[in-house]
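Lettered A, B, C and D in written order, each chain numbered from 1.
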Amino acid sequence: MNTWGNKIKLSIFGESHGEAIGIVIDGLEAGIKLNLENINKFIERRKAGKSSFTTSRKEKDEYKILSGYKDGYTTGTSLCVIFENTNTISKDYENLKDLLRPNHADYPARIKFKGFNDIRGGGHFSGRITLPLTFAGAIAIDILEEKGIKIFSHIKRILDIKDKSFLELKEIDLEKFEDLKENSLPFIENNLENKTKELLEKIKLSGNSVGGEIECACFNLPVGLGSPFFDSLESKISHLAFSVPAIKGISFGIGFDFVNILGSEANDLYYLDNNEIKTKTNNNGGILGGLSTGMPLVFSVVVKPTSSISLEQKTINIKEMKEDILKINGRHDACIVPRVLPVIEAVMALAILDEII
Amino acid sequence: MNTWGNKIKLSIFGESHGEAIGIVIDGLEAGIKLNLENINKFIERRKAGKSSFTTSRKEKDEYKILSGYKDGYTTGTSLCVIFENTNTISKDYENLKDLLRPNHADYPARIKFKGFNDIRGGGHFSGRITLPLTFAGAIAIDILEEKGIKIFSHIKRILDIKDKSFLELKEIDLEKFEDLKENSLPFIENNLENKTKELLEKIKLSGNSVGGEIECACFNLPVGLGSPFFDSLESKISHLAFSVPAIKGISFGIGFDFVNILGSEANDLYYLDNNEIKTKTNNNGGILGGLSTGMPLVFSVVVKPTSSISLEQKTINIKEMKEDILKINGRHDACIVPRVLPVIEAVMALAILDEII
Amino acid sequence: MNTWGNKIKLSIFGESHGEAIGIVIDGLEAGIKLNLENINKFIERRKAGKSSFTTSRKEKDEYKILSGYKDGYTTGTSLCVIFENTNTISKDYENLKDLLRPNHADYPARIKFKGFNDIRGGGHFSGRITLPLTFAGAIAIDILEEKGIKIFSHIKRILDIKDKSFLELKEIDLEKFEDLKENSLPFIENNLENKTKELLEKIKLSGNSVGGEIECACFNLPVGLGSPFFDSLESKISHLAFSVPAIKGISFGIGFDFVNILGSEANDLYYLDNNEIKTKTNNNGGILGGLSTGMPLVFSVVVKPTSSISLEQKTINIKEMKEDILKINGRHDACIVPRVLPVIEAVMALAILDEII
Amino acid sequence: MNTWGNKIKLSIFGESHGEAIGIVIDGLEAGIKLNLENINKFIERRKAGKSSFTTSRKEKDEYKILSGYKDGYTTGTSLCVIFENTNTISKDYENLKDLLRPNHADYPARIKFKGFNDIRGGGHFSGRITLPLTFAGAIAIDILEEKGIKIFSHIKRILDIKDKSFLELKEIDLEKFEDLKENSLPFIENNLENKTKELLEKIKLSGNSVGGEIECACFNLPVGLGSPFFDSLESKISHLAFSVPAIKGISFGIGFDFVNILGSEANDLYYLDNNEIKTKTNNNGGILGGLSTGMPLVFSVVVKPTSSISLEQKTINIKEMKEDILKINGRHDACIVPRVLPVIEAVMALAILDEII
């Protein structure tokens, strides 16, 4: 089902080359002022065509709010926003349609939807479908910021380029983190941007692609958000994160590094900081028993390399049931990590909003 | 909310030292034969007190099916099963109750539940709550086996001990995997069991603990299960997996290793194997676009080290708001990984059942 | 929440004078052929301005299918359809906005939405919001007709004018019932139409309004649809029926007449009709224990008189908190019953579809 | 599905002659004091064997709270309560099992559950399943009373015996309504009890049965509870009300009488009563646009005559597919209306609680 959430309900729809894509956001109370400038700025961050290593194809990300909004404020009924698919010149999908593109959903989608799915531009599996999610996330971020809650993300790793983790920082300077939002290749460490840009341009030239790891953090959360068991904060965040195409793993706090240490090292010890309860380390990433601890909520996701590459690949023609060669032309992102960053922030914000509303 | 699922609905309840724990399973059709012997054998696998390195405390895992079952078959109405908490001699929780145990849910739970939660034995945050989930999983596994679908898991890693991955195997021999279920320290490679046993005994003796990584695989799935976007197979599995206490990360296929390779290496290329469509590699772990590809569905989770250790730890007395020393007596698991294995298989089975029913 | 359904999920949005109203229908499988001609004909039935006694205001009921549909067939992803609100010339709502209109939602809506709701044309409380529901119902009816299931409705009563009930008919002639769909004042008995038309014209002239009772029946249902308890067929149908503005009561079978008879008269006795199990009477309206019995499913709803009348009414100016006189100008329906008929058929169809899919 | 609710989730389970029946109530916050005395008194009201005209069979209504409750307060996790089925001496159901009892669920249940359902004592279709719902309702009533919200019900009609409606009362005296709870045949008018008792005893002697109409009212509700459209207050209440076996109709305010009057009479006119906004009439039963108006919320339900009567009835032997005679022995209620009263109050309370929590 394409519906998510308990207190807010998101219902997403659309295909990449259909009439429009969009989302219905149900559960926003009346009288929330929407800061369209902030929203525009936020969704701009996932736009293609801004860097040398992303696709040069320009999507139009203009939206229409159809309902639930009047004179700058939410009306309290479902807010529906749509993005029309204007720039969808009829490419010749005919010759591609029987060749299964590796790492795309072509094969299982064809079986599930019995051949009736819209394959143009990836249809409902297109990364473009994250655009309405990002829009919803922008609203959530705005509401959370009103409560003093802040969300940031950065590139944690691409191939050999490794950034610091939020968890390693001695001092948390939220002001400084604002820079991360201004940069299309945001790192905590200063000297990684140019190196990465060069790497990505090289990969793009070679017709190949690369993935990466994104770390996202949420600061100033109240203690005790979430639920034990089925609706643990980890459950809710991961559910939403894996909706995003190309995400193949998620970990909270130090995640898979828990396998390398003993309990005595893993345990986050409590101490009093000006009469506030904190932990010295934050290996658990701000969640214990599915509930927020008040420490920064930190998780990482891995994005797999862009599936579409320019290199020739062996595959199968499913109609003729014989092996064939696939050559994908057209413009592709060498690395979608920079564009996924705001989507992951949206995931964090929506999961938190569904708890805090 | 403690309710999960679309086509089946699970509603879990109970506290470790309350009257009983249990689960309501809604959505099983009438006339399913329950193989109680298989169920008993399965839930036996998560029992404590079987190995030198697990806790010597013996839980009674006897259950009563209260509804939805008659004369060996499901009746088609909600099946409720309970496990009474008989062996809960009143330990003195009074002196512990204000000392926040690190890595447990004590602190956020106290805030969320305003001090009214049952803290005895961890209350609703106890690992014991996975027992009813495991019971539900046993039913799911039985139903799936009827359809030829098989689920296996093994220990992938504990500290330096590393097993092979299901993904690396040239030949899949499901018969041989049955051994994994007979062993409390199941590895794919033969020579790892004794070494691990020694390691765990040493850690137990030292009063410390350790976590580990578990890999779980599901074979013979039909193509096209799952949904794009919000109810991707990854979303559903991860949602349920993070309900299990101590799980801090999940990855599908090669997961976080996607960060190390290029698209040309990451892409799983299709080929024909006796007129069946397969991929040469299975980096995506049998899921593309949220849908099953027909290749083995493979995921890994990381289990953090057991939070309760015998060593003294600094912490806070929350009532007096001052720092204090915590010394947890009593019997604990040095490593819960062996007991978590069947719980993770249950997670896989329930997520798949909710799609296939 | 504005989301309904288990196997299909409907998410409705929009305000009468906003950009657009619409619905997202999630859960339709791929490859369903949509018969747009049938859909158009069906939604045409709830259109205003067709009779002397309905409002002369002409809504444009043109729709755009934004997603989930391609080349005549569903694609298997969420289908979103919108109706733009083109004919919304700025009436002067300013002078009305503080006067509470009796029997409308003005007062509780103002409190709930803190004054931020869109009051133009009734906003989200407008009967116009039933248009997308009717569209969804048209699809459901088409799918059900493919399975041989037929739905009909008629006016059962307006003031003293009383029609026969489906339950009283000796012979069921589905062919003949087709006429009910062609008529804007459909009765089972032949001689009631003109009389009713006269009555309604008289009421319209006097500036007053009237309600009525609608009976709806579904034929050729399989036995055993529905669930005991929370998701009884009655629960599902009534939930949806009371979403429709102006509906204030629903009854199944003989409904409130059960109060007049003894058990020996109320019991529907089984007999064999050509080896088929039927009941002689159908007092229960085709539902027992929440499940369909195979007999025609029959329910009735009562529609209250149109709240907007031309007569002067005493009311309150909520801003000034003093009593005042309300005079509603503009064009109103003297009786909305004829326009509600297809909406109620849509309710029946969607509730059944959610069970049968 | 046997799960209901948005903010609270109810999951009901059990069969009349199985091990136990019960309910899981998810969503109660921690620290609610449960008044067991009130609860006991409330569920006592639906008990059989108290009057000459109800069945003389004595059910044991003793319960065990398994979870979510400690030392008098809710713990904040799911509360599960069970009622063991102790008094279920094996009646000979064998000879009844192929004879379809009229107006019971036997026939459609047999088809739906393929013969695997537990038919003893009605199984999951038994009125006994309303016992856990009544328990949940008792908790809800207690929580609402803390907020000053009061719920009452009375018999509105049985055959020719007609009581006044809450809607007709000039003065509302909540103190006096408390008497309605003390009486097993509660009427607003004083002189109806004995007459009714005589009527019911006569019907019982004749081996027949009778139904009735119940009116339920909720006082002191805040304005603006509920939602427009799918989750209108009417939708939520009716959904739950039709879960109760034998309910075949529901109406709000004057309900089906809206068909008899003009808009000018139907409209509830606003006036100021000590600066509070009220309506002179309450034809809409306290709900407009799906939202509470602050006026008393009033609805009526019709209960069909008890299906089991002692008189011989023609029916079908479904195994042999031939007509047969059914003679139901044993003890039955001549009229279940008095026992349904608290169940309907529970319905009101749970629907309101789900909005107000």
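Note that a residue touches a chain if its C-beta (ideal position, glycine included) is under 8 Å from a C-beta of that chain, and two chains touch if they have at least 3 such contacts.
Because the structure is predicted, anything quoted here is derived from the model rather than measured.
*Asks:* Among all other chains, pick the one whose mean CA position is farthest from the mean CA position of chain C.
*Replies:* Result for the farthest chain: B.
*Asks:* Taking all residue numbers at the chain C/chain D interface, are over half used by both copies (same) or under half (different)?
*Replies:* Same; most numbers are used by both chain C and chain D.
*Asks:* Just give me the whole-number Å value for how far the CA centre of chain B lies from that of chain D.
*Replies:* Chain B and chain D have C-alpha centres separated by 41 Å.
*Asks:* At what distance in angstrom does the C-alpha mean of chain D lie from that of chain A?
*Replies:* About 47 Å separates the centre of chain A from that of chain D.
*Asks:* With chain centres defined as C-alpha means, what is the inter-centre distance between chain A and chain B in Å?
*Replies:* 27
*Asks:* Going by the touch rule set out above, which residues of chain B reach two or more other chains?
*Replies:* In chain B, 1-3, 12, 77, 112-113, 124, 228 touch at least two other chains.
*Asks:* Which residues, counting only chain C, touch chain D once they are in their complex?
*Replies:* On the chain C side, the touching residues are 1-4, 6, 10, 12, 100, 102-105, 107-109, 111-113, 124-125, 129, 157-159, 203, 208-213, 223-232, 234-236, 238-243, 245, 247-256, 258-264, 266-272, 275, 277, 279, 283-285, 288-294, 302-307, 309, 311, 313-316, 318, 321-323.
*Asks:* Report the residues of chain A in contact with chain C in the complex, numbered from low to high.
*Replies:* Residues 1-3, 9, 11-15, 18-22, 24, 26-27, 30-31, 64-70, 73-80, 82, 112-118, 123-124.
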